[in-house]
Structures are given as structure tokens and as C-alpha cells.
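Given below, in the form of C-alpha cells, are the structures.
In the two complexes that follow, chain A is the common piece, with chain B as its partner first and chain C second.
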Partner chain A sequence: MSLIKKLLDLDQRIIFLVLFVALAFPILNPVMLPMAIQDYSIQAFEFADSIPDGSIVIIEGGNTAATYPQCGPGLIAQIVHLLRKDVKLVFFSIGAEQQVWTQTAIDTAISKLPAGVPAENGVNWVNLGYIPGGESATAALANNIRSVVAKDYFGTPVDEIPLMKDVNDATAFAALFWWGGSEGSIPYGVRQFVGPFGIPMSGSCTTNEVPNYSPYISAGQLQGLFGGVRGSAEYEYLLKLPGPALGQAMATNFGGLWWLILVAVGNILYFILRTRGEA
Partner chain B sequence: MLIEFFFPMPKAVTDTNVTLRSFVTIVSATALILGIIILTISHLRKISRQESEWYYSIIYIIALVITAGLGLTGVRNTNFLWIYNNMTAPIGVALYSLTAFYITSAAFRIFRARNWSSAVLLVCGFILLMMLIPIGAAIFPPVVPIGEWLRSYPSSAGFRGMIIGTSLGIMGLGVRVYTGRQKEHMGIREERAEVA
Partner chain C sequence: MDPVLMGLIAGSAVSIGAYTVLIGDNPISKITEHLYTGILGGYILATNWDFINKNAITKIQTGQYVYIIALILSLMLFTRLKPEWLWVSRYPVALTVGIGLGLAMRTTVIADFVGQIRATILPLNSINNIVMIVGSITSAAYFVFTRSYTGIYKYINLTGRLFLLVAFGVAYGQTASFRFELVIGRLVEMLRPEVAMYTYVLIILVAVVLYFGYKTKRIEWYSAK
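Up next is the complex of A and B:
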């Protein structure tokens, strides 16, 4: 067997090992490489920054165990960003697992807040928890919150929560932030909040889903989008709040480069074999 | 509800729709419980008949009893959260992370420019990944405008076409269900006349 054929039949354990080192090394030994900020992230950041101080916004927390490492740091950065502006936050999730991660993000964000920034449960934020029913639940929530939510995540009746006093439907909110992870649920917000009520919205999803939502950005239905760990890292960078996403984004640099090298080398070797008539 | 989406409707209709939507929430929650019951019955049956790999069903039953039991005492229960944070979460993360390894290995072996159409796919994939990795723009700046163009036009156009196609398909399926021409969702399979 020729050397080229041997290389093309490279043991996948070697590929796995190099990828593991490429991903693990930058996380264990943070290396800062140049990073260009994507337009979608700048738009999403500026949108969040433009929310008037003191207004109420609604946030869908859709991260699961699988997507929290890449999108969770961005959600944490957003909570810190909005609470610093004294924006009141109403959270909900359309998945049972997601409500736990949303609360984890809230708790982590509160621990990162500078001293003196108020973050009292029921006053500055409330987690309405899991609302089953997917898009129908989103529609019901937008039209009448109390028709689908009786108690919050901690079991407190909605009518006893000070923040929820005058909040009855979508019209109470200045904006919607949809942290959908890989739920594929961002269109629910577009269809049920943006269309019928004109509530401006931005989103976040895993990297692979970004192209799915570009049409909504071009159409102005989404004000911006944070995509995956890079989006989270860009939020941390723009907010000047370094966190885990920046380290992970550097890991994607090395992992992505390894992928590109493998594909390029694979194709070059394939072409050499083809010109020799061996492929 | 469909008409309400396009045209303003009287309050009585809107209120009825709000009630109907809250029914969906209740039905969805009930479906979740029903799903757990059916899955548990299926596993119990597998254990009692000692079907192939029945011992995995015991793990399911034990996991269900422990997590559901602790979860019923409150989702903020410390033991429940311990199981979630130390078992469920790492398993979920590991499963998702493994795809990176298999995708990389598969790309090396399969992602080849064997003809013109696969060459176009390869070049587009290469440019988009270069754009998406943070250092990509620093290595080769033109990948950003080219990648943005690919994402905003060909990709968006293709995705929109797919959405429109899927939506029309769902509407067609809805009409078939309402007119009784589609019965498979109720477990009814009709014998179709074979076309000679």
C-alpha cells in the first residue's frame, strides 16, 4: 500500500486523540488569539443595550445539559447585562430540563453581579418555570400569562409575585430574548410575540442552527443572534465580562483548524490518487 | 385560530382561543405522564418476559423510581439536583460532545470533491467553517464577507423554500386528518389496493 493510501486510511483513534488535545489544551491553558466579532452578535448586543432602564423583558431559557456549555455563558452575560441596567426579567422554559438550567444561569449571573445591583427574586426577576405545549403554550403565554401559569418555579403563586402585578400578556414586555439552545424554537417567538404583538426580539441558538435563522434577521423579525459558544464568547467580550465561553471559543479555534487541515489534506491526497488513476 | 392569526377577531373569539390554547398545555403535560406510564409498562413487560437485553430495563426502572421519587419532593431537592448535576448533565454533555469526534473523522474520509456538486459543497463548507472559527477572519479576512453572503442568500433562500414546503405539507396533512383520509396517527392501518 502506498504512503498516500496509508494516510487516507489514518486510524481514527489518532484523529480523535489530536482533536482531544486541540480542544482540551486551550481550555486548560487559556490562550487568547485574535477574534473578529460577528455582525449578528453586535446587533444582538446593541439591541439588549438599547432596552430602556427599568423596563420589563421576557426571556425563554431553552438550554439543556447538552447546549448549556456553549449557550449558557451567553445567557449568564445577558442576565448580568440587563440586571445592571435595572431591567426586570421574566423567565420561562418550554422544556422540563431547560427550567433547571435557566435557574442555574440566573443563580450564576447573580453571583457575578457587582455589589449594590439589586437582584431580588420576585422583584427584579421571576422564573415561571416549565410551560408544556411548545408553540401553543408560547401563544397562550403571549395572550394571557395566567391562563397557563399559576405558580413560578419555586411554587409561589403568580398573583403573589410583586413583579407580575401588572404583567398579564405580551404587551407588558419591552423585548423578548429567546435562548433556544438547539430546541429549534426561535420561530415560536417570532410567530407568537413579534408578529401579533410587535415585541422586538433577539435570539441565541447552537452554532449549527444559525443559518436557519438568518432569514429572520434579514427580514427584521430578529434584532440579532448569538450563535453557539462563539456568540457567548462575543457577548462576554462585548460586555467586558470574561467567562468560560472565551476559553471555549479558543478551543474551537484549534478544533476547527484541525478539521480544516484534515479535510484539505484528505482532498489533496485524493486528487493525487485520482491523477494517478488509483482512486 | 388560523383566521385569528391573519385577521383581527372579536374578543369572544380571542378569549375562546386563549382557553383552547391552555387546553394544549394541559394535554401536553398529561401526554408526558402518559408517555412515562406506557414506557414503564413496556419495560416491566420486557423484564417479566426476560426478552433480549432485559437487564437494561431494570436500570430504567431503578433510575425512574429514584429520580421521580426525589423530584416529586421538589425540583430544588438537594439529592435530586445532585443526580441531575452529576449524572444527567455530564451524560448529556458527553453525548453531544462525541459528535465532534465522529464528524471530524467522517469528514476526513467522506468530504471529498468527487464531482462538481460535491466540490461546491466542500468549498462552501470550508469557507463557512473558516468564518465561524474565531481566528478564521484573522487568517484569511475575505472569508467573512463571502461566508456572510453564503449564509444570507443561498442558505437563507434554501431554508425558506424548505420551510414553505414543510408548512404546505403540514397543512395538507392537517386537511387529510380532519377529512378522515389519514388514520395512521390513531393506529389504524388501511390495506391499500396494489397497483398492478
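Up next is the complex of A and C:
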């Protein structure tokens, strides 16, 4: 067998091993490469920055154990950003696991807040917890919050929460931030909040979902989008709040470089074989 | 031991077990898989039960008897466990699908159809706009299968195909990047200074177990060929 064929038949375990090393190396030895900020992230940041102080916004926390390391740091940055502006936050999750990670992000963000910034549960923020039902639940929430939520994440009746006093449908919110992780749920917000109520919305999703939702930005239905760990890193950078995402974004670069080499070499070798008539 | 540290070590052990599937299917990866499925299943059951308790049973207790209908519909779903009663479960399923579709369709036309078409009606005053218009039209034209690819239509088809290939390439690149990010997310936790030593020990332990498993042929060596 020729060397080219041997290389094309390379055992996948060797590929995985090199990838593992390429991803672990920057984590163990942090390196910083130059990073250009994407337009979508700048738009999403500026949108959050333009929310009037003291308004109420609604946030869907859709990260799971798998996606929290990528999108969680961005959500933390967003919570810090909004609480600093005295914006009141109403959280909910459409997944069972996601509600726990949303609360983790809230707790982490509060621990990062500068002294003196108010962050009282029930006054400055409330976590409504898990609401099952996907898009139907989102629609019900937008029309009548109390029809789907009786108690918040901690079991406090919604009617006893000061922040929820005059809040019962989508019209109470100045904006919607949909941190959908890999739920594929951003269209729920577009269809049930943006369309019927005209609530401006931005969001975050995992990297693989960015191409699916970029048409919503072109159409003006989304005001911006943070994509995966890079989006989170860019939020941290724009907010000047260094966090874990910046380091992870560098590791992604190394993995991407290895993948790029494999794709390029694989195609070149295949092309050589084809010109020789061996493919 | 600190419960957070214990959680991180357990997470590290489970992650290593899951990643052994890259060498080939083996008992360690299977144990991890079953552990994950079982724990997640139990957690989701408990969370949903909590939701029903907080949002249906509490409301019924306060006199909102309409929620009894929701509970009955939920219980009807369980009839599918007995084949003779399967038909009963179709009613709540039909209701759920119907409501879901109705709610989505109500706004889909505007959000996903009219809105997207409107976004491509742009002035031809920048390269970005020209690319957007040409890409949208030729990509849509590629899926017209009712005429042969001859004359000018051949070039429209070719241009559309090129745009689609670029889109697929972007989607593939983003998907590969997403997978890296999943691994990086775990590695960051596994290689935290306070957990790293446990991770290294666990890797050696798993490697030794698998080595003897393969050596004594108790585990079948996976071959991709």
C-alpha cells in the first residue's frame, strides 16, 4: 500500500488522540492569540447596552451540562451587564436540567458583581424555573405567565414576589434574551414574543446553530447573537470581565487548526490519487 | 471531602469512561452510558413531578378545578403501556400536537417566511447585498426540478449549487467547532488544579483495565476497517 493510501486510511483513534492533545495543551499552558470580534456579538452587546436602566427583561436559560461551559460564561457576563444597569431580570427554562444551570449562572454572576450593585432575589431578579411544553409553553408564558407558573424555582408563590407584581405577559418586558444552548429553541422566542408582541430579542446558541439563526439577524428579528464559546469570550472581552471563555476560545483555535490540516491534507491526497487513477 | 470537589472528581471519572468509546465499545463506556441514562431519566422524572405538584395540584387545591382536565389527559398517556388501551393515549397526543402546530403556524408564516423574503429585498448598493440576493435566488432555483438544466438555467443551477456548498461547508465547520467546545468544556473541569491529579490517576486506571481487557481478549478490539 502506498504512503498516500496509508495516510488516507489513518486510524481514527490517532486523529482523536492528537485532537485531545491539541485541545488540552492550551488549557494547561494558556496562550493568547489575536481575536477579531464578530459583528453579531457586537450587535448583541450593543443591544443589551441600550436597554433603559430600571426596565424589566426576560431571559430564557437553556444551557445544559454539555453546553454550559460554552455558553454559560456569556450568560454570566449578560447577567452582570444587566444587573449593573439596574435592569430587572425574569428567568425561565424550557428544559428540566437547564433550570439548575440557569440558577448556577445567576449565583456565579452575583458573586462577580461589584460591591453595592443590588441583586436581591425577588426584587432584582427572579427565576421562574422549569416550564415544560416547548413552544406551546413559550406562547402561554408570553400571553399569561400565571397560567403556566404558580411558584418560582425556590417554591415561592409568584404572587408573593415583588418583581412579579405588575408582570403577567410579554408586554411587561423591554427585551427578551434567549440563551438557548443547543436546544434549537431560538425560533420559539422569535415566533411567540417578537412576532406577536414586537419584543426585541437577542440570543445565544452553540456554534453549530449560528448558521441556522443568522437569517433572523438579517431580517431584524434578532438584534444580535452570541455563538458558542467564542461568543461568550467576546462578551467577556467587550464587557471587560475576563472569565473562563477567553481561555477556552484559544483551545478551540488549536482544535480547529488540527481539523483544518486534516481536511486540507485529506483533500490534496485524494486529489493526487484521483489524478493517478487510483481513487 | 468537599462535596464540590467530589462532584468534580465524579464528573472527571464519568467523562473518561465516556471518552473510552473512542477506542471502541467497551464495558467502561457502557457503564458510563447506562449511568448517565439512568440518572438523567430519574432527574427528569423528579423535576416533572415537582412541576406538576407546584403548578397543577396546588392550583386544584386552591379551587381551580380546570387543571383536573390536564391531569386526566396526562394520565391517559400511560394507557399506551397496555396494547388494548393504546387508542386512549392518542387523544392527549393529538391534542398536544394540534395545539403545538396551531401555535407555531400562527406566527411561522410571518417569522420564517415573509420576514425572510423581506430581508432579501435589498438595494443593489453593496457587495454584501448583491451576494445575499444572488445567493438566495440561485439557491432556491437549484431546487426547481421540473425543467432540464440547459441554457442559462444551467448557470443559475451551478451558481446555486456553489452557494449551497459554501453554506454546507460553513455548517460543517461550525459543527466541528461545537464538538471541540464540548470536549474543551469537560477538559477545563477535568484539568482544574485541584482535580488534575485525580484525572491523571483515573486515566491510568482506566488504561490499565482496558489493556488487560484487550490483552486477555475479554474485550473485543474494535476495528474500523
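By definition in this document, the second predicted complex is superposed on the first by the 279 of 279 C-alpha atoms of A that agree within 3 Å, B and C clash if a C-alpha of one lies under 4 Å from a C-alpha of the other, contacts with A are read in each partner's own complex, and residues count from 1 in each chain.
The rule is short, and it goes like this: contacts are C-beta pairs under 8 Å (C-beta built on N, C-alpha and C of every residue); 3 or more make two chains touch, one makes a residue touch a chain.
Worth saying up front: this structure is predicted, and the values here are computed from it rather than measured.
Let me test your reading of the model: by the given contact rule, A:V194 touches which partner, first (chain B), second (chain C), both or neither?
second
With the two complexes superposed on chain A, say which partner A:L10 touches: chain B (first), chain C (second), both, or neither.
So A:L10 only meets chain B here.
Check the residue A:A251 against both partner chains and state whether it touches chain B (first), chain C (second), both, or neither.
A:A251 sits against chain C, while chain B stays out of touch.
Classify the contacts of A:A24 with the two partner chains as first (chain B alone), second (chain C alone), both, or neither.
Only chain C; A:A24 stays clear of chain B.
State whether A:A66 touches chain B only (first), chain C only (second), both chains, or neither.
both
Please indicate which partner A:V148 is in contact with in the superposed arrangement: first for chain B, second for chain C, both, or neither.
A:V148 contacts both chain B and chain C.
Which partner does A:V210 reach: the first (chain B), the second (chain C), both, or neither?
Both chain B and chain C are touched by A:V210.
A:G266 contacts which: chain B (first), chain C (second), both, neither?
After superposition on chain A, A:G266 lies in contact with chain B alone.
Pick one for A:L33: touches chain B only (first), chain C only (second), both, or neither.
first
Can you list the residues of chain A that meet both chain B and chain C?
12, 16, 19-20, 23, 66-69, 96-97, 99, 131-132, 134, 136, 139, 148, 155, 195-196, 207, 210-211, 215, 218, 227, 252, 255-256, 259
Can you name the residues of chain A that touch chain B in the complex?
The touching residues are 8, 10, 12, 15-16, 19-20, 23, 33-36, 39, 64-69, 96-97, 99-100, 131-134, 136-137, 139-140, 143-144, 147-148, 153-155, 195-196, 207, 210-212, 214-215, 218, 227, 230, 233, 249-250, 252-253, 255-260, 262-267, 270-271.
Can you check the complex and tell me which residues of chain A touch chain C?
Residues 9, 11-13, 16, 19-20, 23-24, 27-28, 66-70, 96-97, 99, 129-132, 134-136, 139, 148-151, 155, 182, 187, 190-192, 194-196, 206-211, 215-216, 218-221, 227-229, 244, 247-248, 251-252, 255-256, 259 of chain A touch chain C in their complex.
What residues of chain B sit close enough to touch chain A in their complex?
5, 14, 17-19, 21-22, 24-25, 27-29, 32, 74-76, 81, 84, 88-93, 95-96, 100-101, 103-105, 107-109, 111-113, 122, 125-126, 129-130, 132-138, 144, 148, 151-152, 155-156, 159-160
What part of chain C is in contact with chain A in the complex they form?
Against chain A, the touching part of chain C is residues 22-23, 40, 43-44, 47-48, 51, 54-55, 58-59, 96, 99-100, 103-104, 106-108, 110-112, 115-116, 118-119, 132, 167, 170-171, 173-178, 180-189, 191, 224-225.
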